């Protein structure tokens, strides 16, 4: 019972809410790192995948990049980034996080674009729309829910892996957990864990809300057909309707 | 004193002589990794089975189960370890509780999706043949849902293999120990070996599961299954 | 359509689960409290002695050395490594998950001092090895632990900067840090902000309040690389680290003697204490020197050799194996 009292004390000690090692600062570091990584990944992957999806090219790559990506542990990617850059802190962490965020965004965007009904595409072209117009006015809006699902997947995975950045002298909420382990301070580690868990859930729910907003009809499918995935096999036959593609690989 | 390993003192990504000298350690790490993974996935399947059936039969309970396992799935693994350690210590059990937890959402979701995907006319003919709901489930629906269920098991397995590496931070680790060693010692070879073997293990596990799936669903072989 | 596939699959899985759960339970061996707690006085050699090593090269080398000389003396041993710190090891030592660990007189004395007498307790360790060791033994006794003889070999915390930083801020000794610390970043192990001979000590003894602290590792490659790459200005290194000079780093002299006598000393549970154990470990401690530690450390951290091999080679060379 003293453990719970200590945890409560940790959360209510004002010293823990101030300064470089305070909760607000660490929370901000975590959100900033995660947000930037997802943003960069979107900028890098989204346009490419939209075009590939529109043209129907590069499908093998677009789909299997996630299959392979999920099979490489995020912990490994983080340490490899540290070794490649020979650096610590934000830079290698950012590189690793962007690398982790790209596959789900790439794959989902491609899959979402391909899943658009071919007849719709043809009638749009028949109406005289250019390729670009078809992409922006027909395909992308229809693919939006799946694209959003991909961004949501990426975001949750990034928030989780950003926790490990503490191992390479990064900041963020992971500091409480890693330092807590090292200092045998179970209360600090637990407190940090609660904060990280809350942040991850909030991220998932918030982006889920956004996903619902961009879904025509407003409802996200509760039990979509899950595409068959795995490093050994590509995606099986896709249904014509929107597919909620791969679930996030846990870090 | 031996000669300094010329390779290890450089920045080489892979020193084969180190690998050759440490096959025991690598083998032990691999074995531990496989053990942690298999236990997690099997227990995950055992727990998911009844939960899936409950969710299948009772929609409201199903929604609750999916919510809870969904939240569990969202919690980052190092955080989940941090939440469990004050109660279950730095043990195999702590790691497994977390690892099993992560398999639940994926497997249950896929079981439900698979069952839902059974064509209505097949269900009706089963009913017409006089099968009870349980017989229908065991003899018709589950076998037809197997490809989707397997997709879930494959996904859960690959995910678990990745997560096991993080258990190196709580004194277990499997191949994660090699990765952590690489970080701690500024030594690229164990890092590369640990990473490559994790990837290879995921591919092999996936292939084995696909093989098992084909064995158990001979009628699906003609289809486009991956 | 096969009628029995669903049931066959279920049976197969159940069997697998039973087998694997049985296996899974055993692999928690090192952490299994019940197997290491037997306190029988006779048959001291039947009990497996678990030697715990902290997460840096030197401690791992020492732990392997302890294990090897004990094995030679007829004991069953096992070395427990991992990402472990003094705090984790102390918990494990008290719980009986490990039995023995190589410690450092001064630092360990103050660690137990704070644990037992509170955070504001008056310092008991000093640069006098004998006095500090005596104080340590008294503290350990309260926890059912004992310590053998300290070795002439010592390794304490040291703080290093690059030659460039030393020139820029005119740093030669630790006292010089007081004025400029607020512009500098300190790097060290994650425990540093809580360790009396690390960050708090720097502030108290030298008035050095750093701009920022970065958690890296315990005097290992992350810290050393961060120093040479300019990511941190001051880094915690170990005085027995062989690579410091080689990397062009300058160790600041501890002029106010913040660090105490950190001679290597075996700390163990009373229930594994025996005359033979003592003889084996004391013989080893007597032969160790700081110089030996430096070359052993270099072999592991720079040449990437295994602590195990390095320990074995040194023991053989010195007639202890």
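All chains are identified by letter, namely A, B and C, in their written order; residue positions are counted from 1 within each chain.
To be clear about the criterion, a contact is a pair of C-beta atoms (placed from the backbone, for glycine too) under 8 Å apart; a residue touches a chain by one contact, two chains touch by 3 or more.
All figures in this text were calculated on a predicted structure; none of them were measured in a lab.
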item	value
Between B-C and A-C, the pair joined by more C-beta contacts	B-C
Taking each chain's C-alpha mean as its centre, the one farthest from chain C	A
Euclidean distance of C-alpha centroids - chain A vs chain B, Å	20
Centre-to-centre distance between chain C and chain A (centres being mean Cα positions), rounded to whole Å	38
Chain centre separation (chain B, chain C; CA means) in Å	35
Sequence positions of chain A contacting 2 or more other chains	168, 178, 181
Chain C: positions in contact with at least two other chains	83, 88, 222, 225
In chain B, residues with contacts to at least two other chains	168-169, 180, 183, 186
Parts of chain C lying in touch with chain B, wherever the complex brings them together	1-7, 9-10, 13-14, 16-17, 20-21, 23-25, 27-28, 31, 55, 57, 82-84, 88, 217, 220-222, 225, 299, 301-306, 309, 313
Chain C - residues contacting chain A, complex	83, 85, 87-88, 90-91, 187, 189-191, 193-194, 212-216, 222, 225-226, 229, 231
Chain A contact footprint on chain B (complex, rising order)	71, 73-83, 85-86, 102, 105-106, 109-110, 112-113, 116-117, 147-148, 150-152, 154-155, 158-159, 161-163, 165-166, 168-170, 176, 179-180, 182-183, 186, 188, 191, 194-195, 198-199, 202-203, 206-207, 209-210, 224-226
Sites on chain A touched by chain C in the complex	20-21, 86-89, 166, 168-169, 175, 178-179, 181-185
Contact set on chain A toward chain B in their complex	3, 68, 70-76, 79-80, 82-83, 156, 159-161, 163-164, 167-168, 174, 177-178, 180-181, 186-187, 189-190, 192-194, 196-197, 200-201, 204, 223-237, 246-247, 249-251
